[in-house]
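Each of the next two complexes has chain A plus one more chain, namely chain B in the first and chain C in the second.
Presenting the complex of A and B:
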């Protein structure tokens, strides 16, 4: 009995600590308060190398120029998964930072503990919010992905590091085989087949396609075939239909025919740079990594992924957002003001040039810094930017991380030759994914 | 000095010695209490509540039911099966190899200290750093392991990305079910584990070999025993306490395996390397299901305890203490 009481008491202590972190929902007036004293904020992020340096420069600029005495401190927390795990621990301990970079599925998990700030009152605040023009300047799909039907359709995060699924294409190889950029999946298959080259030893020296095992890429395939990822009520997956089956069948067929291969890690970047593969489907953010793998000058470009209907192209939107955690009204407002500043056209353009992420505002294309970058160093960045309109968000329902594993396990099993009936395998994966979503309601 | 006075002095001395002994073990006890026992008791507590990111209602043993026979049973039993397979691969090979190496390194030879150091080096290397390097060595496209296979006429393997069974691959896909054997990925992780931990076991065996009195060997040689007879009849039986210790430590380590899985495969491909230790981490930290993760952790502790008790029962009959 004593042990039982001790356990309950210990849990109550933790529960109290957690409820302390999750303060009452902010009234809309909290978005209009005046900031008087200095406000210190901590932002947990995942950026490394040049991106981390660029982010620090932007934050330094904000710290030295904002007139509200807001100071943002960046804290690197490792990979996205590590950041997520640290946030879960911080929720238990009631020690969350003011802001954290997060994928949509992470935000859904955090909100289970009711710790994420609803940004709607801040966005619509007459004093500190965004004007209608400013709001419309941000890509709709970037905002849509941060609205959570599971939580009353609240805007729980804001676009931060956005990108999209594109095709990296080696133009030299394309020229050599006398083909043009494929628009449809049929053309893609024919072009990829034509690119395959074998050496004197009979081994494949060039593949048509490096087919990554990635849930996001699969989602892009489904969208490009006119499919949907989730049902209308957002409670079950919709990728387990014909579009999903066709996607997996092509993946399987090209692997078995030796037209494609499954690369290990990021090997596909080196393979692309050394002309060992014609097409790679990857995030638009990978541009600098592809470039750094080039052994000599090559001609390459970024195009949209193949479509079932090229007149209505669709691809998948990648990238993370930034969530603001509930704290004091002053810190919440200060956090929002920083996020708002960061996504202004000037800053988002600067961030886009330095980090290779897509700018979150359409008007960024008119900034000199982005124009210069596209003209001199990064023409492929412009090619990717022009495809943003075709990008659609991935589902943000709770449990999505595990659904991604289900998709990737399906593709891994196909690649390993362990699947004989693809239709059944896709259907079974859908059943498994739906159970995960149900368990996470 | 009278007898009662001498007795009182002895008692005082004993009390002082006891106090000193307790003072010496206090730091270790504190560390154990804070980082092991407190955590263990907290896990037991967590496992009795609904705790999905945030704590909820008291559920009694419901979480254990979910893990053992409910919606999480498939994952639990699968990861336990992977853990046992991994233990069965690594522990016997580690014991045999480390014993052989220790026996060789115990002989008088030139550069013996250098060899002993070399075999011990992997153990003091960070599991994370060494795991990353093994990832490179087992790269399907550029890895050293595949280059070696190519030299002996075997085609490239996907190693840590290969979910197919070892015997399935060797038979060209003819085998099915359990006969396919552990995935090549699990074999890859096992190879790394053996490489990494063998140095520690060699050192333990070397200490064990050093404790065997040379008189036994001299007597045996005088009686005309061959080296093989000496090994099987003297060395091995007298090493049994050491072998038992090595087996116990290696089994506990294998049942708890996590670091190498985390670095090398993340439990994949197709969950073929998802040990129970990794599954607990996944459920607890990656899914935020504190309740189910804690229940699994308590179950793993019980499983390890049962294994250890079983080993002790065996030891009663097979271990000779000289």
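Presenting the complex of A and C:
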């Protein structure tokens, strides 16, 4: 009897493992219905300026060319935090739009109210879904980040505005100090130290590194050191081990030694352009802002962040996704069809050129629009694009927004010189973060 | 007089310069320093509005623009539908101010000059409601206007919830209480009712405090951002402050354009304030309210 049970258990384990991490989509007729009359959709977003115009152009194109009479209306709703708060209020009032741009942690919070549509049936729909080739064309990490273990591993959102943590490197300064681009953290430290320059008055006139206080950047440091951000069961943080401690120690050491500084606002962009700092770690989407800050032409490039093992590079994936809220079957399908169109190679390439976000599909690199852009205006965009494969998603468990605050409080305390025992501080931050995650289970 | 001159000589001060002069100089120096502190952000806004993006973000900052980029104003104006934003803001500000003045004057008069059962309790309840932080009522109010009243994404949703203000009622009541009761007695003898007394005696005596309420209300509406963002979705009903948010992204800010926009957004407020500041100061002084 025991043997029989053991065999059944073993078969179940093997079967589960073979089925992969993703839950098999439930058969759904809603993903296969025919759209008849006009369908009006509203998409809440956060884009401003040139990005907002580019997004509007794409939406106008969709509205005028789709054969299903779908009309998408864009509505700006402030910053990501303001959009998140508005969505939480809209959930209470039953006034959600059909689609909204959202970070993973936002989606997890919305789904507590069971308002987010599971996209698995739509993606796998023979009639309206994506083919295997199309699905494999989308970066795996971009899809993984939108699967929520806390909610049965459902695909609750889809990649929309993606980017990654990269190093902005002033090549003129690098040449001046006779160094090459560092690959490891040790090389990075040595190069950053070599870049420091002091004026006649003894004040630092050039730093090696502008180290932003950001939870995402910290997550990137941990990943690049071979660490993990969450435990296997996704219930506790994993950044509070050696990799997290080493990351904070380097942050602390270079600050104390005057090699790096904590920027205020976006002043690191101008500092970079004027050669006052060698390295900045920031989102790849910051490229146009860096360029605007250059007084004259400079030589610069984008590289991966330093690694423990450069053969297996890792960085953190940035950017938001789009969630579809539960509504009528027609609106849900229409929303999915728009998302599918928007993330198709032609559109994602167009969006990438105009917005500086990364395309969500690998095949976008073969589009003429992206090739031209990389060749003429944005070679650094290509450098960033080539690093996408190394980018890993941040945790998407509920409570992650507050966990980010814990990390940033830790880094702020270190920068302010208030932390004497870094190992204990990281451990304590981990305990606090785990309590937050527990409270949000 | 002789002893004062003697004291001045002992202090080493020439007899011709009175003690008052030193105090006045110190007072004016202090006031001047405070004025600089208050005016500096405006100076900074104005000068940044003329700078290039590079100059606006460079460190150390420049106190005066190296080059004047007048085109910043045209660019900022073209980046958002400002005409509509200004129109909406003026409509909302005027409607809220007029409505709030009407309700506040009547309520304040009732609490100040009329006797009725439960007046004290009602006034305490009114004041208690003022103690509830706005954040606590934000979502319930949003649900109310969306689910019950169905007025989201309209100008009305930015007007109706603000047609009564506890602060304005309190401010006006404090002033109405200071009007001598003999005037009310005389008006009663002359056959005037409450409304007549209010219109012919109380309001003419309350111009400074009414201007104060008007300014505080209008400026509050002009500056509001969170509520309009929450209850509106489209630019055709949104106010100017939402337009201001459109110069920022998560990766950078167009400071020079943001400051150019801030300059033309606050211009109407500055003009109104310059004309009415005398009344504002008088009004605040008379009611004993401190900022």
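Quick note on the criterion: the second predicted complex is superposed on the first by the 414 of 441 C-alpha atoms of A that agree within 3 Å, B and C clash if a C-alpha of one lies under 4 Å from a C-alpha of the other, contacts with A are read in each partner's own complex, and residues count from 1 in each chain.
What we mean here is this: a contact is a pair of C-beta atoms (placed from the backbone, for glycine too) under 8 Å apart; a residue touches a chain by one contact, two chains touch by 3 or more.
Owing to the predicted nature of the structure, the values given are computational and were not obtained by experimental measurement.
Peer 1: Counting only touches as set out at the top, which of chain B and chain C does A:109 meet: first, second, both, neither?
Peer 2: A:109 contacts chain B only, not chain C.
Peer 1: In the overlaid three-chain picture, which partner chain does A:293 touch, first (chain B) or second (chain C), both, or neither?
Peer 2: The second partner, chain C, only.
Peer 1: In the superposed arrangement, which partner chain does A:180 touch: chain B (first), chain C (second), both, or neither?
Peer 2: Neither partner.
Peer 1: Is A:283 touching anything from chain B or chain C once the two structures are fitted on A? First, second, both or neither.
Peer 2: second
Peer 1: Between chain B (first) and chain C (second), which does A:77 come into contact with in this model arrangement: first, second, both, or neither?
Peer 2: A:77 contacts chain C only, not chain B.
Peer 1: Could you look at A:42 and tell me whether it touches chain B, chain C, both or neither (first, second, both, neither)?
Peer 2: A:42 sits against chain C, while chain B stays out of touch.
Peer 1: Between chain B and chain C, which makes contact with more of the residues in chain A?
Peer 2: C
Peer 1: If you stack the two complexes on chain A, which partner ends up touching A:267: first (chain B), second (chain C), both, or neither?
Peer 2: A:267 contacts both chain B and chain C.
Peer 1: Once the structures are superposed on A, label A:409 by its partner contacts, choosing first (chain B), second (chain C), both or neither.
Peer 2: first
Peer 1: If you stack the two complexes on chain A, which partner ends up touching A:94: first (chain B), second (chain C), both, or neither?
Peer 2: After superposition on chain A, A:94 lies in contact with chain C alone.
Peer 1: Would you tell me the residues on chain A in contact with chain B in one complex that are also in contact with chain C in the other?
Peer 2: 85, 88-89, 92, 267
Peer 1: Enumerate the contact residues on chain C facing chain A in the complex.
Peer 2: Touch list, chain C to chain A: 53-54, 57-59, 79, 138-139, 142-143, 146-147, 152, 229-230, 233-235, 242, 245-254.
Peer 1: Spell out the residues on chain B that touch chain A in their complex, using ranges where they run on.
Peer 2: 42, 44-46, 48-49, 52-55, 58, 71, 139-142, 158, 161-164, 173, 268-271, 285-288, 290
Peer 1: Quick one: in the complex, what on chain A touches chain C?
Peer 2: Chain A residues touching chain C: 42, 44, 46-49, 51-52, 75-80, 82, 85-86, 88-90, 92-95, 265-267, 269-271, 273-274, 282-283, 285-286, 288-289, 292-295.
Peer 1: Residue numbers of chain A touching chain B in their complex, please.
Peer 2: Touch list, chain A to chain B: 7-8, 10-11, 14-15, 18, 81, 84-85, 88-89, 91-92, 109-110, 112-113, 262-264, 267, 401-402, 409, 412-413, 416-418, 435, 439.
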